[in-house]
Structure formats: C-alpha cells, structure tokens
Amino acid sequence: MSSQKLVIDSVSKTFLEKKGGKSTVALRDFSLKIGEGEFVCLVGPSGCGKTTLLKLVAGLEHASSGYIYLDGKLVTAPGPERGLVFQDFALFPWRDVTGNVAFGPEVLKVPLAERLRITEHCIDLVGLSGSGHKYPSELSGGMKQRVAIARALANNPEVLLMDEPFGSLDAQTRNLMQKELLRIWQDNQKAVVFVTHSVEEAVYLSNRVVVMTEGPGTVKQIYAVELSYPRSRTDHGFISLREKITGCMAEECR
Amino acid sequence: MFLLIWEGAALLADIPQLFPTPVAVIVALGQLLVAPGPPGMVWAGELMSNTLISLWRVVVGFALAAVTGVFLGIIIGWWRNARDLLEPVIEILRPIPPLAWIPLAMLWFGLGFKPAVFLIWLGAFFPILLNTVLGMENTPHKLIEVARTLGAGPWQILFKVGVPSAAPSIMVGLRIGIGIGWMCLVAAELTGSNSGLGYMIMYYYSTMEASKTVAGMLMIGIVGYLMFLGLKKLEDNMLFWKTA
Amino acid sequence: MKLVFKLLTNLILASLLLTLISSLSACSPPAPSTVRIGYLLGDLHQLPFFVAQDKGYFAEEGLNVEVVGPFEAGPAEMDALAADQIDIGYVGVAPAVMAAARKIPLSIVSGVNLEGSGLVTSLDINSVAELKSKKIATPAPGSIQYVMFGMLLADNNLGFNDIELFPGTIKPPDMPPSLQTKRINGYFVWEPFVAKSVVGGYGKVLVESKEIWPGHPCCVIVTGGDFGRSQGGIVASVIRAHRKAIGFIEANPAEAKAIAGKWTKLDAAVIDNAFQRVEYTYSLNKDDIKKFVNEIISLGEKGIIKPIITANDVPDVNTFVDAIVDTK
C-alpha cells in the first residue's frame, strides 16, 4: 500500500461571477490519493477544472467543500512545501537566474551561505550551470521554464505542481524538457502532479493518468502506466494506452 | 532653419522690445553670463548664479515630491482601503493648476525659498504619485501567486514583488515629475522671490529688455533638457533588465 | 392724365422725404471716436482720469473712452502701448522714459501729478541706515518708486546690494498686508497704499518722496508715437478733459475723494490721509524730466541700482527728452 502523500477528498469548487451573480461549478466531488514520489498526470477537455484543482492543492484558492491533506495536514494557504510551476513561467523579470531561484530560500530567511549552496545546486540540477547572471529577457522559453522549475525546487517541496509547463514551447524543446523533467524527478524522487492537454505527454511522463470529465469536473477514469523508463513513443504498449486514454476522453472508457 | 525663420519674423515685426532676433538673444546670453551675480555669488555671473538658485529649489522640491509621492503611491496602489479613502481628496486637488496656489503659498510660507519649493513640490507630486499607484496596481497577479507559493509573507510580497514590478512606472513618474516641477519654476518664483531664473525673466520683462528675457527662457529650456537626459540615463541603467 | 398726376405726387413726396432725412442727419451729433486709455492699479495719482471718466468730461469732448487696465506697474502698461493695445496711458514718468529709451515711439503730452509716493516701514525702523539687509518691496524695476528708492539709498551711502529688494514681486495692494504680517520690513509705493499702513497703525512713513526731491515729476499722460501724430485732435480733447478734472479736484476735494475711494477700493480714512501728499498739475517741466533721466543713468553707472537706462541707450539726454516731450 503506497503512503498517502497527498489526499484530495471529495473536493468541489464553485465560482461566483462578480457581476450578474451567476455561479459556475468547476469541480464536483473530486477525490484522488497520490503517494510518495509518484508522477501523476491530469488530462481532460478544456474547462474540466484541472487548473482549478492544481490551484486548490497549491492553496491559492479555497475549496467550496471537501478537504485536501498533505502529509496528513490540512491545506489552507500557499506554502513552500507545494511548489508551483506555471505555463507562462512567471519569472521575476528584474532578478537574474540566481535571484529568481534564490527567491524561495530568501523569503524563508535561509542563511546566506546555505542559500547560495541550494541555489547553485538547483541551477545545476536543471542544467543551467553558468547562466546564473543572465536575465529572463535574455533566455529562451526552454531555459525560462528550467529556471521556473529550479525556483520551485529550491524550497525542497514535498510535491511539485505543474500546470501545462511545456505548453508554450516548440515541439523539439518540449521533448527535451520532458526528458529533463524525468531526469530531475528520478533524481530527487518528489511527487509530481502534472496537468496537460496532451495524452502523449501524459503517457510519456507519468505513473498514473487521471482522466477528468467535462466541467463540472470529476474523476472519469484512472489509468496506471506500467511501462519502464525511458519510454518510447513508438512502442506498441505506449500507442495502445494512448489510444485507450484518448478514446476515454472522447466518450467510452475501456 | 528654425533660427532663420525666427530672424526673418523678428525683423519683419520690427518691435525689438517685444520680439528680439536670435542674434540679440545670443548677445544677451553672453551679457548675462558675464554680468556680476548677486552679493555672495558675484563670481558665478548673473545667469549661472540664478540658474543654480533655481536648480536648488527644484532639486529640493522634487526630492520632497519623490519621497511623498512614492510613499503615498505605494500605499494607495497596494491597499484598496487606502485608495478608497484618499482617492477623492487627490482627484479634487489634482486639477488645480499650481498657478492658482500662489496666493495661498505666499500666505502660508512667506516669500522666497519656501513658497517656491512648495509650488514645485505641487507640480511634481501628482505625476509621481499617479504613476507609482499605476505601477503598484499593475503588479502581475501571477507573480504575486508565485511569491505566495514560494512562502513569501504579505510584507515580503509588497517589497520584493510589488515595488520592483512598479519600478519602471515609478521612474516614468519621476521623469515626468521633474519636468513639470521645472516648468513650474516661473510660476513658483512669482511667489515673492527676488532671485532665480524665473525671477530674472520677469525682471527683464519689466525693464523691457526682451532679448534678456528670451535668453532666460532659453536657459530654462536648456537646463530642463539636460535634466531630462540625466534622468533618462539613470532610468536606462536601473531598468536594463527590461531590454530583451 | 390721372397717371401723370399720380407720378408727380409720388415724385414730390419722395423728394420731400429725402430732404427730411438729410436734414435730420445734419442735425445729429457726429459719432464719438473711441480712444483706449490705460491706467495704474489703485493709483491715487491718477485721480484726474477717474474724475474725468466719472464726471463725463471725456464724453463732453465727444470721446468714447475704452478703459484698459488696471496695470500693476508702469512697465506693463508701456508694453501694452508698444503692442498697440492702448492709445493713451496714465503712467509714471520713469517707465515712460525707459520705454522711450528702448526706442518705443511715444510722446509725453501732459503732467498728471507731482510727488505722492513714500517709503513705509515697520514701526521699529527709524532711519534709512537701518534698512540694511531688510526686506523692502517696490513696484516693478523701471517704476518711479524703484528709481527714487535708489536715489534715497544713494543719499545715505547705500545701494540695492545692501537691501533685500523685492521689485515687482508683490502687487501694490498686497504691500500693506505684507508689511502687517511682517513678511517684509517696508515698501516704497504710490499713494494711497502708503496711507493704508499708516491708517492701519502698523506702518509709518519713514520718508516721503518729496523729501528726496521736492516737486519731483510723477505721473504723466503718454500717447503712442503714431497715435499722437495722426490723432492730434483726440489727444487735445483728452488733455482738455484732463485739465477740467484737475480743476474739479481743486474745487471739490470731498467729492473727488469719494471718486478716489470708488476706484482704489480703499476707505475714506485712507484716502484722506493720502490726499495730502499728492499734488495735481497738468504742467510738464522738461528740465525736471532731464534730471530724472540723468539720475537713472548715473545711479546705474555707480552700481546703486541695476542699470535700467545706460549712456548707450541715451547718448544725449537733452535731445532725447526734447524729442519725446510734446506739450501743446
């Protein structure tokens, strides 16, 4: 039995429109358990609430009902133990790479020497050694995303939350980043919750793929991915799983 | 080209007392440069000593405006309550032209240095304030969220995310502020000054020496331009991270 | 036959009508000519202008006067003259000669008054020597008061560099309040703003302008060069009305003071006090004006005041003054 790192228990979220008072139910009775070191992908059609779920786990939004537990503790607010990586990088443009990565330890008042060590380690980890002095405006998309990942990792989070992080990269860079991410994950063994549109990406990366229904979103089906790493996209097992999941998203789940 | 048009028009109009030729103005500039300054600043010459006096007033007025404007701007831009409270007061005061404040300034502050600094402060304050507010309000939400997930507390978010994000806007505000503050100079020195470039211009207006008046105006333009250049340089140095 | 009769009647009627109309227009008075006259703010010296206007003396001469102003000081009024915004101006003789020295064509055609200005100080000052480093206000540089203050200082071995002078920065009506609130230590200005501080009890007349130079010329009537040449008739009319007004002031001081109060917006006690220091006259003394110009030049050369008129501007004072003074 896997240890329960992250427990999402019957979570629902309703948004109230500011004008007009219309309400939208984004999530409905969503439940999921994620174990230590697991890589879980959330896939689903647009509007199914995957980003909302991620924000709830991050603590940036409050659930309308239901609970979220990390290591048995209730999640109520954002915190460094749940690192978040956005699709549009959200780097601080006025800080260089080192400054961005050091932000977390800095606000947590980690002493200087330790902070420098952590920062350097994380920059090396994402493969950006030597680029510490560069500014975001000088970086390519792929490099920016590496910085964002390094920044989230600098706080040594218990779980890494990623919201379509490679969505704005070109295909080549995307593939590269996927490989890099797997390398980093295998290195530090943290749990990852990864939101994506791409079924192929989900099958390539994760241990489990959670398919969500249309909004109001809930769990439609969960698929275990038992292929060994590194995976091949042309592998027979890969393709058939991909087709199964795609079919499930469309209508019937087998 | 412009000078030729000016020379031609001046000769045509033929009222040298009110409409001097460029040549006359250059001559006047020279005369003002070498004419003795007021007691205590005789060595600097009339033009430069008055320029320095005015410059000092603007520097002080601007510095006060920068401190008050940025401070208040951060507060109003960051906290909704502060904005709701202070915005009406500010919006009422803002449209009043500095010129209209002259009698009050003289009443409160007397003659000379203080009312002039007050008027310059008035001119520079509002653009600095408004641009700071704008900069703070436009802090990207994503960045605030990121900071929260990285464990930053509210004050840390204000100073490590809000203020740096607003910096470009604040610099624009400062640049506009000093421009307006310098433009208010003539109005400011109408508040009972007996020194400074603005005063000098009015003095030669009275003695009907138009070429000296225009020479003074030229000096105001030149110094204003130099200040603009200086601030632009500072801005470029501080905001180099913006260039892609 | 009837037609002819009708035609004849019409013709006779028409010619009758025509003669009637033409005779009517011959009887009506000629349309009044408009003349723009400028004056100084609240200046008791210019009472003849106020009287002439209020008592209708200008209208009696067939003049339609457009009152332009008030101007806060003489130099501003001379600017208006140069820019052809006024035809005739009641102004101090100092701004007038200064404008003439700047080659603005004008003629001085009549006197208005002598004396009538004064140095007012706070009550604790007892001599001119005590003015050193004090704050003194005057009207704009180039005004009579500015020059005469220079003369006063020269007589006491002082100059403008020894004083914290505020020329032209405070409007004359604001000078008494500024003295009262101790923003300034004194001011040199035209009546009735001298009297105002005295009557108010917070200022005293340290020196009257007539003590500096008894019988000194003060305000004059000035006309623009072109206007004086082409409209001599109008100028003569203005002067006639002006002389009538001076006569009226001498004969009816009480009513004259009332008119003064209305135009200067000051109360009767102040007007009363001020009245004694002003002497109205329409005569012009060329020698006095020449002396004035020489004073301005020499004060500037000695560095007592900042140079306003230099020997360069006016190489020969005699010919200069002769050219601009034109009394009929």
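Each chain carries a letter (A, B and C) given by its place in the written order, and its residues are counted from 1.
Here, a contact is a pair of C-beta atoms (placed from the backbone, for glycine too) under 8 Å apart; a residue touches a chain by one contact, two chains touch by 3 or more.
Model, not experiment: these values are computed from the prediction.
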Central chain of the complex, centres being mean CA coordinates: B
Chain whose mean Cα position lies farthest from chain B: A
Distance between the centres, which are taken as Cα means, of chain C and chain B, whole angstrom: 39
Chain centre separation (chain A, chain B; CA means) in Å: 50
Between chain C and chain A, distance of the C-alpha-averaged centres to the nearest whole Å: 87
Residue ranges of chain C in contact with chain B within the complex: 73, 75-76, 78-79, 82-83, 98-99, 102-104, 135, 140-142, 161, 164-170, 178, 183-184, 308
Of chain B, residues touching chain C in the complex: 15-18, 38-39, 106, 110-111, 190-194, 199, 202-203, 205-209
Sites on chain A touched by chain B in the complex: 58-60, 77-80, 82-84, 86, 88, 90, 92-96, 103-104, 106-108, 135-138, 151-152, 155
Residues of chain B defined as touching chain A within the complex: 140, 142-143, 145-153, 156, 160-161, 164-165, 167, 241-244
